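One chain, subunit A, links the two complexes that follow: it is found with subunit B in the first and with subunit C in the second.
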Partner chain A sequence: MGTVVATLLNGVSYGMVLFLIASGLSLTLGLMGIVNLAHGVIFVLGGFVGLFVARATGSFLLAVLAGGIASGVAGLIIERGFLRFLYKQNLPQVLVTFGFIYILTNLMLWVCGPQPRSAFVPSYFAGSVVIAGVSFPFHRFAIMGIGIAIGAVLWWLQEKTKVGAIIRAGMDNAEMVGGLGINLTPINVGAFFFGSAIAGASCVIGVQLFGSVGFGDGMDMLLVAVAVIIVGGVGSVQGALVGALLIGIIDTFGRVYLPAISQYTMYLVLILVLVVRPSGLLGRRL
Partner chain B sequence: MKMKVRKARLFQFGPAGVIALVLLTLPLYADLSIVSLFTKILIFGLLVMSLDLLVGYTGLSAFGHAAFFGIAAYTIAILIKHFGITSFWLAAPAGILMAVFAACIFGLVALRVSGIYFLLITLAMGQLVYGIVHTSVGPLGALTGGSDGLGGVSFPEIMGFSFEAETYYYFTFASFIVCALLLYWITRSPFGYGLQGIRENAIRARALGYNTWLYQYIAFIIGGLFAGIAGMLYVYYNGFISPEGVGIGASGLLWLMLIIGGTGTLWGSLLGSGVILTLQYFVSGFTPERWPLILGVCFVAVIMFYRGGLLPQLINLWNRLMER
Partner chain C sequence: MKRRVPCMFFVTVLAVIFFATGAQAAEKEIRIGFITDLTSMLSINGISMRQAAILAMEEVGYKVAGKPAKLLVEDEASDPAIAMDKARRLVETDKIALLLGPFHGGCSSAVAEYVNRTRTPNLSCSYSVPDEAQAKAHWTWAPFGTNNQIGYAGGVYAAEASGYRTATTMSIDFAAGRAFVEGFMAAFSERGGKAVQDQWIPMGTKDIAPYITGLKQADVLVPWFAGVTVTAGVRQIREFKVNMPIVFPQCQFPAFPKQLAEIGDAGVGMVSPEMYVWTIDTPKNKKFVEAYQKRWGELPTSNSGSTYMTMQLVFEAFKKTGGDTSPTALAKALDTANVEGFVGPIRFADGRVGIGNYVIHKVVKVGNDYRTEVLTKYTIKTTKVGNKLVHSVVKQ
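Let's turn to the complex of A and B:
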């Protein structure tokens, strides 16, 4: 019983990190019709910068902020410097972001060296809680709390504000939104910046769960995030949340109970959802 | 008048003939390392051609194409290493059939969606295969060797003839020519024109009575078949297959080769494979650790500025020169 509860809690906290990563990916996919394949590398970049700042200043909050800004700026450079010249050409845009996987990974390897960075757990997240006889690190609850808080803000932004209304309208029919005299460019740029920034910040936060972050994690996280948005459905905060929790919990249980197939339990879920509901569990449209 | 036509034909096919002649006589004057490089170029040329059938002719952005290549290569390596099946006539067809079988299944799932989603699903399924061969634990790990990969495959022996590096080059060359001509014939058949019609306008093709799903599905399987043949050629050539040859990195590289050569030109694939692998050959000589950076810059630069591809441009240049 104790292991089941602990695994469930681990799965939920992992799912929260996945949710944060996937929400940015889902936003740009819904708005601009493209998948930023460099999203995983941007995630790692944020983690590296954030953990460097954490070690230098000792402040977790500053680290999260620095990681987020570094990742956001990287996303901004990709969008403003490259993607906007390929306006409405979705496939080339996706391929450009694929090229940036190589560029960013290799540049970071060059600057930082190949060693993974270990987690920074601030003193106020230290300690543990005993649940059903299993000791459970407190920072996992903190991750859940931060995830829920950011998720709530994102949901409020997308569902209850004017900007959110423009975003949702842009996902359904970008041309019509333009025709109504609303300039979607700043919205797209903002989505790219914040999507990347949340990914970077979530790496600084989530690394407490993983223990360390290295270059291989970029690709892994990208693929999990892709699985999350396909399972949950593109373009809504709720979809990303449901997909992330589902994948997070199933993946964590797979690692504990079925280690032999744990590397691809997530893909089995993905394929199952695709066969039953190609637009994802809570998808807007396909 | 007749002379003029004959002359035009000579000029049209002259360069292709020269290239074929150079490739045919290569082992006579080039070093072994160059022959080995060209063997690899031919294998990847075929692999990229099979991707071109999907991307350039059918309009399916498949991003997990290296998986079929890897499935064939792994199947053959496993049969040879763990089951002692060294006969080329058993192992090679088994590997290719496994690739086709995988394409049959993956196609069923992936063709439920289209566009960028198709790209994502094929990417995920490619990584599924990567995950399977990358697993180090359990009986599967023992079979595939996990992240270490699987080696111990030597050049094949066919009908009592043992291949060496040079003779295997000819074997690859002959296989490439046969497969490339088959692919060329497919793209020029009514089926191939049907695919191009679907690429241009799927709704209109459907209205004209084409079963677009079936056309795309068959194209996907044919792509898997030729990727499998390339995987077969590769594992005998390289003697070793690792998860890196299967995953997203490998699939992305194929896209770069495809775009550099010219999407939808079929023969451009060989050109793209040649450019990238030659570049890799020289770059890995002096700065192997910066190769991914160079590759990434190539990727971005080609897509931003050079999406037409080399082959159409070379053909244009040649035609202009001949008109003078």
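Let's turn to the complex of A and C:
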């Protein structure tokens, strides 16, 4: 019983980190149709900057903000400098953003060196709780709480505000929104900044769970984030949450109870969803 | 048209002069190729290896056996295909006499087959590859032994010095990881120990909590993590308050001063075998540490120490051949080389595998500083039995 409870908690906390990473990617893909392969390395960049600030100031909140801003600015530079000329051109987008994986990774290697950075766990998240005989780190509960809070804010922004309504309308029919006299450019720019900023902030938060972040982690995280939005559905906060929790929990249970195929359990979910509901569990129907 | 003819003539003449002088230079100077990871998951190792190799070359003034020498360093990016391309270029275009590296196990195995075919003397600058791969690598010398060999040293320590009888293993599922753990368990079981559980974590796994919460109780936990994933693995083990002592079959972090500081308190008390640590208390090592710090502004890692000693071995081999770069002469010189290393003499046994001198060391905290303390030393010899490599302790 203890193992089942611990595995479930591990799965939910892991799923929450996946949700935070995937929600930003889902937003930019859903609204702008941009395939941003640099999202993973933007996530890592935020982590490196955030952890530097955490050590300098001792403040977790400042670290999350700094990580978010650094990643947001990096995303903004990529969008304004390159991607805005490549809307609706998927292959050039893939090539440009793939190139940025190498550029940003090598910049980080050059500036910060090859050492991975250890997580910063604030004193108020330190310690552990014994649940069903298993010692469970408290910061994993904190990550769940932060994930739910950010998810709620994102849902409110997208579903209950005018900007959210424009974003949703833009996802469905950008030409029609433009025809109504709404300039989508600032919305697009803001969404790209915001999506990248969430990735950076989520690295500072999520690295507590992983223990450390290395400059090469971006690609691994990108793959999982893409799987999450395919399962959950593109452009939907709820979809990203459901997809992330489903993948997080199934992947974690697979590692404990089906170790021989644990590397593939996430992809089995992916294949099943693609066969049964190609637009994702909560995505807009294709 | 008239203008084009003289232009083409001059270009041709320049090209002939360029390639002719290049070929002459290649004949006169000794070229040493070096492939390691400078930009990918093992760059934490590779960069410190390059630094040590450059330091060694600078100390001899880029002259080996009275001839000018050149070090050509290439990046493998932990990708066997890239490593193969670089090896081909170094051997076929740059005409190197000898190749050091690659570092990543997959890259080493890929290149070993190529150097066998081209009869290029090849030296590993670390505890090379698994036994199985080294047994087939006829032109690869492994001065610091194989993956299984250093793991064996860890197993001897766990069973003999610590008296542990049961072990639970948890390793990244990677050829090197399996070899380190197999080597450890070979020594451990030969001394009456047994494994109560083996867990293999797929490469790329970020959250290892499911494996930690599933650990079975034993006398000792034997974990292995690859390259940069060590920091994450060690921290997660500590956060879940695992109450078993930890002996790694191999682990780089205690021998990487910057990584040791990065892991902090989570690493204290962990024990691991290693081919070199900067805290070895000998005049020879103190001199090296001082020179390394002066040149690079940081302490040497285990890979710095092993690469520096590999370079000494290379210099010794060229000295023996009198600067002859022919593969046969170099092979003979390497087979009989004997260089005093930081832990013990470096020389080769069966299968061109080094008689490994390893320290067992433990992470300690002194004030606010994290250090590593040498507990004991083992010499592990490898014997080739048929196609297999078998390890045993050499009594001192």
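Miscellaneous remarks
Please note the rule applied: the second predicted complex is superposed on the first by the 285 of 286 C-alpha atoms of A that agree within 3 Å, B and C clash if a C-alpha of one lies under 4 Å from a C-alpha of the other, contacts with A are read in each partner's own complex, and residues count from 1 in each chain.
As a convention for this text, a residue touches a chain if its C-beta (ideal position, glycine included) is under 8 Å from a C-beta of that chain, and two chains touch if they have at least 3 such contacts.
Predicted, not measured: the structure shown is a model, and the values here were computed from it.
In the superposition on chain A, A:V275 makes contact with subunit B only, not with subunit C.
By the touch criterion defined above, A:R255 lies against subunit C but remains apart from subunit B after alignment on the C-alpha atoms of chain A. Applying the stated contact rule after C-alpha superposition, one finds that A:Y87 touches neither subunit B nor subunit C.
With both structures placed on the common chain, the touch criterion links A:Y124 to neither subunit B nor subunit C. Judged by the touch definition given at the top, the superposed model places A:N10 against subunit C, while subunit B stays out of reach.
By the touch criterion stated above, A:V226 is placed in contact with subunit B alone, subunit C being left untouched. Once the two complexes are laid over each other on the shared chain, residue contacts for A:Q263 go to subunit B and to subunit C alike.
By the touch criterion defined above, A:Q115 reaches subunit C but does not reach subunit B. Contacts of A:N106 after superposition on the shared chain: both subunit B and subunit C are touched.
Within subunit A, the residues touching subunit B in one complex and subunit C in the other are 105-106, 109, 259, 263. By the touch criterion given at the top, residues 29, 33-35, 82, 85-86, 90-92, 94-96, 98-107, 109-110, 219, 223, 226-227, 230, 259-261, 263-264, 267, 270-271, 274-275, 278, 286 of subunit A touch subunit B in their complex. Interface residues of subunit B facing subunit A in the complex, by the touch rule stated above, are 61, 109, 112-113, 115-117, 119-121, 123-125, 127-128, 131-132, 134-135, 137-140, 248, 252, 255, 259, 289-290, 292-293, 295-300, 303-304, 307.
If you check the complex, the residues on subunit A that touch subunit C are 3, 6-7, 10, 14, 105-106, 109, 113-119, 128, 134-137, 139-140, 209-212, 214, 216-217, 220-221, 252-253, 255-256, 259, 262-263. Looking at the complex, you find that subunit C touches subunit A at residues 39-41, 43-44, 47, 199-202, 204-207, 209-211, 213-214, 228-229, 231-236, 239-241, 256, 258-259, 262-264.
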